[in-house]
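Some structures to go through are shown next.
Okay, so chain A shows up in both of these, paired with chain B first and chain C after.
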Partner chain A sequence: MIVQTSVMLKLFGAVLIILAGTAIGFVQAASYVNRSKQLRLLIYSLQRLETEINYGQTFLPTALIKSSEGMEQPLSKIFTETAQLLEDSKELSMQEAWQQTIENVWGHTALRQREKDVLLRMGTVLGMSDAEDQQKHLQLAQLQLKSEEEQAVMEQQRYANMWRSLGTLGAILIVILMV
Partner chain B sequence: MEITAIFQIAGVGIIIAIMHTVLKQMGKEDIAHWITLLGFVIGIFMVIDVIAQLFQEIKSIFLFQ
Partner chain C sequence: MLDHIIHILPYELKTIVNQLSQHIKNSLEEIRIRENRPLEISHHGSFHYVTEKGKTVLDSRQAYHPTQEQCRKLLERITNYSLYAMEEELRRGYITIAGGHRIGIAGRTILEGGHVRGIRDIGGFNIRIAREVLGASKQLLPKLFGGPSDSLQSTLIISPPQQGKTTLLRDLTRALSYGDYRKHAMKVAIVDERSEIAACVRGIPSFDVGPRTDVMDACPKAEGMMMLLRSMSPEVIIVDEIGRVEDAVAIREAAHCGVKVIATAHAYNIQEAFGRSEIRTLLQERAFGSVVELKRNEQGFMHRIISVDRMLEQNRQNHGFFSLTKKAGS
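Up next, the complex of A and B:
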């Protein structure tokens, strides 16, 4: 009877390890899927911001909030929090608010350093010059993000499946080693 | 005892082979080769006691110790 319970316990532990390994694999795969999705949403919102600035001539915090509509939580925060900072404190410049928000929010998104650089560079121009110049910089940022997105989609197709199977296989390997 | 070790090594071999194929298909040949090497090292560690025993036997037979 005692022997049987220890076998059961071992089996239970093995199942737990395999489940955990599979979960790690799926989380890694999801980060690739999320990255391309978030990049796509970011491009849309930049397009909307461009329209707001160029045709609407909207007040910048309002334009930021409007362009964040329809986006999900981690990304929309970049826009809404910047707008909040700008409205709250009068001495903060647009560039500083933008930079501060991006530093805060970045850890919660699936995006990487290159996108961050693109956004930070774009932030130095927002609200600093005339509409035409801002439009040019927004378009440049969109172009750069688009090439990143294409690359992200390619990476997603290649590595998402790999991570899924590697997670399970690694877990099975650990179980075999511990038997 | 010995039979379990053989099955264990066979399991490691199968898993490592699948990992190698997956990584190679995704174009990560270098990592695939490292994984294979890792599997080999794991296998060696599993039989290290038996190999030591074997050497002791050989020594005691041929060197009269």
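Up next, the complex of A and C:
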């Protein structure tokens, strides 16, 4: 009876470890999938922003809100919160508001430092030059993000599946070692 | 009145302007902000520098020096963070903000084919405070009616700069449009080439120019007058600062259509105005029924109304009075 209980307990523990391992693997895999997806959305919204600025001549706070439509949280927050800060405080410059929002939101996204640098660099000129120049800067940012996206897709193909199986297999290895 | 201006100033400048004495605030005409140079205001026709505590001084070294960052923030707020949407305004060199205040800007110009396309590296701002003086035209308005049918006469208002021409013109517009005099509200149209009369922000007038008033904003005067004649069937057209050949053509066209024109022109007095060939031709053709000379003093506006008929008659009789200036002008 006692022997049977201990076997049951061990079995239960093993199942737990395997589940946890699998979960870790999936979470890791999801971060790759999310990153490429968020990058794609970000590029779309920058395209939209470019149109609003260059052809629509929309004022920047409105243009930011319009470009955030169709994007998901937390990414859309970068645009809406910046617009909000500009409308409310009136004490921050555009660059400061942009920077502050990105710092706040970044932790909740699957994006990395390189993309952050691209956006921050773009924030230093956003709004404050003529339409032609704005277009150039926005296109440059899109180009840079696109190359990040291509890399992200490649990484996703390579590592997402790997992590999914690696999590489970790793957990099984641990279980075997422990037995 | 200063609310809209306080609103766009960066924090440090906002504090300084708020500390100015009430007396100065009431008569503030300009705030001049130049990057890293003394903060200057003009009021009552004189100028002062302003210290960090909001005191007015005459020694520029004691004055507050706005920083580069403050200037950048000011520019961002004036343009609503969207310099790219202000290309037209930058080409003209000033931006009109809510409340009708105009902000002149100076910096390095961008040229394209020899013409100014815009301004970058903006380092100087001149905030001109616009004041709406309701009732400024009260005394003048009844005197503009006359002639055989006792109707409104086409009028040319002449005065030196800074004497309140635009303020008077704006109030005339408002009064005609509301029908303040004789209860006959007229259809009024403004060609506001420099966005000064109605001070439109995105097409909506900042000033009360009356319920029956249409504004063609930022439009060349001659073209605007023609467009309004065709599109808005006005009874009166209001236009600022005439003087070019095209303007004269458009005014003649308006006269043919039976539309009255109230226009202003830069000149110290009627002799000087008569010296300008386009204006002289218009007067000789009797495109205007009367001329108003405007001066401003402590009490308010001073004006002298001259009937064009009588003036030309006089000129013919003692042909020496205007002929001198005529020669000088041509």
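We adopt the following convention: the second predicted complex is superposed on the first by the 179 of 179 C-alpha atoms of A that agree within 3 Å, B and C clash if a C-alpha of one lies under 4 Å from a C-alpha of the other, contacts with A are read in each partner's own complex, and residues count from 1 in each chain.
By our rule, a contact is a pair of C-beta atoms (placed from the backbone, for glycine too) under 8 Å apart; a residue touches a chain by one contact, two chains touch by 3 or more.
These figures come from a predicted structure and were not determined experimentally.
Colleague: Per the contact definition in the header, classify A:Met154: touching chain B only (first), chain C only (second), both, or neither.
Modeller: So A:Met154 meets neither chain B nor chain C here.
Colleague: Quick one: classify A:Ile172 as touching chain B (first), chain C (second), both or neither.
Modeller: first
Colleague: Applying the touch criterion given at the start, work out whether A:Leu16 contacts chain B, chain C, both or neither, answering first, second, both or neither.
Modeller: In the superposition, A:Leu16 touches no partner, neither chain B nor chain C.
Colleague: Tell me which partner A:Val7 touches in the superposition: chain B (first), chain C (second), both or neither.
Modeller: It touches nothing on chain B or chain C.
Colleague: Between chain B and chain C, point out the one touching more chain A residues.
Modeller: Looking at chain A, the partner in contact with more of its residues is C.
Colleague: A:Leu143 contacts which: chain B (first), chain C (second), both, neither?
Modeller: Neither partner.
Colleague: Return the residues of chain A at which the contacts from chain B and from chain C coincide.
Modeller: Touching chain B in the first complex and chain C in the second, no residue of chain A appears in both lists.
Colleague: Per the contact definition, I'd like the list of chain A residues that touch chain B in the complex.
Modeller: On the chain A side, the touching residues are 158-159, 161-162, 165-166, 169-170, 172-173, 176-177, 179.
Colleague: Taking the touch rule as given, give the residues of chain C at its contact with chain A in the complex, in rising order.
Modeller: 7, 10-11, 69, 72-73, 75-77, 79-85, 87, 110, 117-118, 120
Colleague: Inside the complex, what are the residues of chain B that reach chain A?
Modeller: 4, 8, 11-12, 15-16, 18-19, 22-23, 25-28, 42
Colleague: Can you check the complex and tell me which residues of chain A touch chain C?
Modeller: Chain A residues touching chain C: 53-54, 57-61, 63, 86, 90-91, 93-94, 127-131, 133-134.
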